[in-house]
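Next up, some structures in structure tokens.
Okay, so subunit A shows up in both of these, paired with subunit B first and subunit C after.
Moving on to the complex of A and B:
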């Protein structure tokens, strides 16, 4: 690819690693990321989940090269073509099995969202099964949303880019974070079967008004009454504001994972007990705001508190306004940058726009050769939003361009 | 309960709602409380009052401030009784027209979602909790009923339209049967040319072939070879003549299809199956290679002429 001729782009630090890797894969440019937790004496270098996502990228692409330094503080990533789950590239039966390590502290959405961003530009459909002793489907304290939120608040957004067919996120087994917030025992399958040459240009200027709120309360390995308490508390806050609130309840048993015990290799233990709530507010213009809470692995929080917290979090998200929230900013803005050479516009709340990840995304996009963003204040004075115009670079789907 | 439903679903009620604010507010309070009692799932009076206050606030923000009126249940019931007493005035219009006469309007939009909730439940749950990302359609079950009713309304015109469509399609397809002669012969009767005589049979045959018939029904299955040859030759000659005439008159005809043209005796050229490992000559069947006489001749070649020519 073009990356062979040029020197790799240089980044430092462990922050925004996923974002940079995804952009590198989409644009086909090599990156060299150094100083990854170099200052840490106890655990320098890449964390288990970061290694895992590099492996996932390798299995989704053909011809990627990944080089770690001896300590793992530097990684060189030369992306290949995004092939998806094409037969013969690590996919057995059209499904890539990706096992997450037991000491993974991040939720499954940490892996799913980047895959969703790569999948529209893949050559074949993407079908990844996340399994193993490290899959946490719930929201985590490390800041990942639950897989329910990915399904109900992020995947519907792809529709505005003309990507809507044959997309599924199957939650086969639920799990909260295990002891110390590490590991789980869940199982999630992502099927992303709509590949496009270029995503459509979007113009989302009006956030609209909230017309309904939906949600999922889940409890794994604990009494289903927790769900009822979560729902009651959340409804207590939301019902006065929106009449159309409906929260579904999902109760499941705790997953079994094998213990790493050499004396008794067949021993299994329950893990990932807990409960949580995912809320999604939908507006008249199909903008989605979401909120997530889950019980902490140490316990000690009542469902009532969590339910209320989630409801207030949702209200906060609605208050920030704009057509994208903190959660969906990265996928939406990146897809806009990948679009055809046309100006797409989107209203973003000032709080979202001013957040660190979004600003860093804008800088990283520039580094990868995308155009800068144009910004202007929203014309309707009542809301403090900013209209961000993003010019696509027509990068799109390289696999589709050739084949 | 049924009465409430019929009013809320009615499209006209919303326009009335804008005209007559104060009466509506009264009826909201009354009906709302009644509904909750009926369902047995309301969250109590204080919640109801809060809801009412919210709605009133929203309403006053949009229209003019409401006058404070106490909801009087008995009076309202009486008035509705009075409404029902003269049934013969306009018997074909039920419910709402009386309200219009007496300026008694009852709308409660906020309640409709609660009523529909039970019906929506299964469908909504399915769409939201399935593995696919939920589609953001409004209210699926009600929209379904609306479309169904609209279909029923549009039925007669739709049916006639479909009929006309079919007739037009047939006419376009069978118009080539309407050559001048048959047209003249057919025009003696009142019916259209394709509904009588030979053309009718031909048209019928065409339709059958459209539906997937293998052979035209008019074609005779068994006949002496000489006859068939004669027919084919005649048809080919006719076609040739037609093309010749067309060229002379400067008319451009459709392209001659080698396979489909009746005159070409060869028919469609079959592709030979040349799989790997198969014989290049003859047929391999039952473990033996069968060569026809023609194959043998082809292999041996014309010995005399060619061999002689070369030497």
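Moving on to the complex of A and C:
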């Protein structure tokens, strides 16, 4: 590809790794990321989940090159074409099986969201089965949202870009984080069957008013009464504001995973016990705000507390306003940048815009050759939002154009 | 009045668009500056306008926290904030069908 001739873009640090890898894949530019936890004595270099996501990118693309340095503190990534789950590239029967390592501390959403961003631009449909002893479907202490939130609050966002058909996230087996927040035993399948040439240009200027709240309470391996208690507490806070609150309850048993025990290789143990709550508020203009809490692996939190916390977190997100939240900022703004060469506009709450990840995203996008954002104060101003205009570059379809 | 004029206004969009692509500043610095915390009496400043309590809760804990999607909150502060009737009333306008008449919902 053309990008091969040029020097790779240079980044440092372990933060925003996924964001950079995704943008690199979408734009087809090589990146070299150095100083990944170089200062850490105990665990320098890439963490297990980061290596895993590189492997995932490799299996979703054709012709990617990944080079690690000896210590793993530097990685060179030359992206190939996004082929998705086309036959013959690591997919069997049209499904890519991606096993997450047992010492993974991040939730499954950490892996799913990047795939969702690549999938619209893939050559064939994307069908990834996340499995193995490291799949955590719940929200995690490390700040990942639960897969329920991905399903109900992130996947619907693609609709406004004209990407809406045949998209499904199946939660086959639930799991909370296991001991020390590591590993789980869940199973999630992502089917993303709508590929586009370019995402539509969007103009989302009004966040609207919240009309309904939906949610999922999940208990894995613990009594279903926990769900009822979570729901009760969350409703206690929210019902005053919205009458239309409906929270599903999902009780499942804890997954069995093999123990890594040499003496008894057939031994299995239960892992990933716990409960959690995912709430999504929908407005009249289909803006989504979400909130997530889950029981910590160390225990010691009552469902009542968690339910309340989740409700407060949701109120906080609603108050922030704008058409995107902290959770959806990365997918939305990147897709806008990938769109056709037209100005898309979106209202962003000031707190979201003024957060580190979003500012870094703006900078990274520019590094990858996207245009800068235009910003202006929202005019009809009782909400304090900022209208961000993003000019698309029409490069999102690198893979399809060439292939 | 002097106090008001002497201090840079917080949250000005023009400031942010200037700083956003200024690579000399780290993102953390941009955020801090935009919230007007670069001045030493920022704390005091914030207390004086505590009525809308702009950013009490963003307790960005430590550097090890990476790529979080769910922001960390100090839940005690949040609980206090959202049990306060005034704050709830202020938020009410963001909800459909919870207005006084319901007629002004979109």
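Side notes on the structure shown:
Operating definition for what follows: the second predicted complex is superposed on the first by the 401 of 403 C-alpha atoms of A that agree within 3 Å, B and C clash if a C-alpha of one lies under 4 Å from a C-alpha of the other, contacts with A are read in each partner's own complex, and residues count from 1 in each chain.
Everything that follows uses one rule, which is that a residue touches a chain if its C-beta (ideal position, glycine included) is under 8 Å from a C-beta of that chain, and two chains touch if they have at least 3 such contacts.
Just so you know, these numbers come straight off a predicted model, no measurement behind them.
Applying the stated contact rule after C-alpha superposition, one finds that A:196 touches neither subunit B nor subunit C.
In the superposition on chain A, contact is made by A:214 with subunit B only, not with subunit C. In the overlay built on the shared chain, the residue A:56 is in contact with neither subunit B nor subunit C.
Looking at the superposition, the partner that touches the larger set of subunit A residues, subunit B or subunit C, turns out to be C. Applying the stated contact rule after C-alpha superposition, one finds that A:282 touches subunit B and leaves subunit C untouched.
In the superposition on chain A, A:386 makes contact with subunit C only, while subunit B stays out of contact range. Shared-chain residue A:142: touches subunit C; no touch with subunit B. By the touch criterion defined above, A:240 lies against subunit B and subunit C together after alignment on the C-alpha atoms of chain A.
In the overlay built on the shared chain, the residue A:248 is in contact with subunit B alone; subunit C does not reach it. When both complexes are overlaid on chain A, the residue A:348 reaches neither subunit B nor subunit C. In the superposition on chain A, the residues of subunit A touched by subunit B in one structure and by subunit C in the other are 240, 243-244. Contacts from subunit C toward subunit A in the complex involve residues 11, 13, 16-17, 20-21, 23, 27-28, 30-31, 34-35, 55, 57-58, 60, 65-73, 75, 78-79, 81-82, 88, 91-98, 105-106.
By the touch criterion stated above, subunit A contacts subunit C in their complex at residues 14-19, 109-110, 113, 139, 142-145, 208-211, 237, 240-244, 283-284, 291-292, 308-309, 311-313, 315-316, 318-319, 321, 326-327, 350-351, 353-357, 359-360, 362-363, 366, 372-377, 382, 384, 386.
On the side of subunit A, the complex with subunit B involves touching residues 151-152, 155-156, 158-159, 167-171, 214, 216, 239-240, 243-244, 246, 248, 250, 282, 286.
By the touch criterion stated above, subunit B contacts subunit A in their complex at residues 43, 47, 50-51, 54, 110, 113-114, 117, 124-125, 128-129, 131-136.
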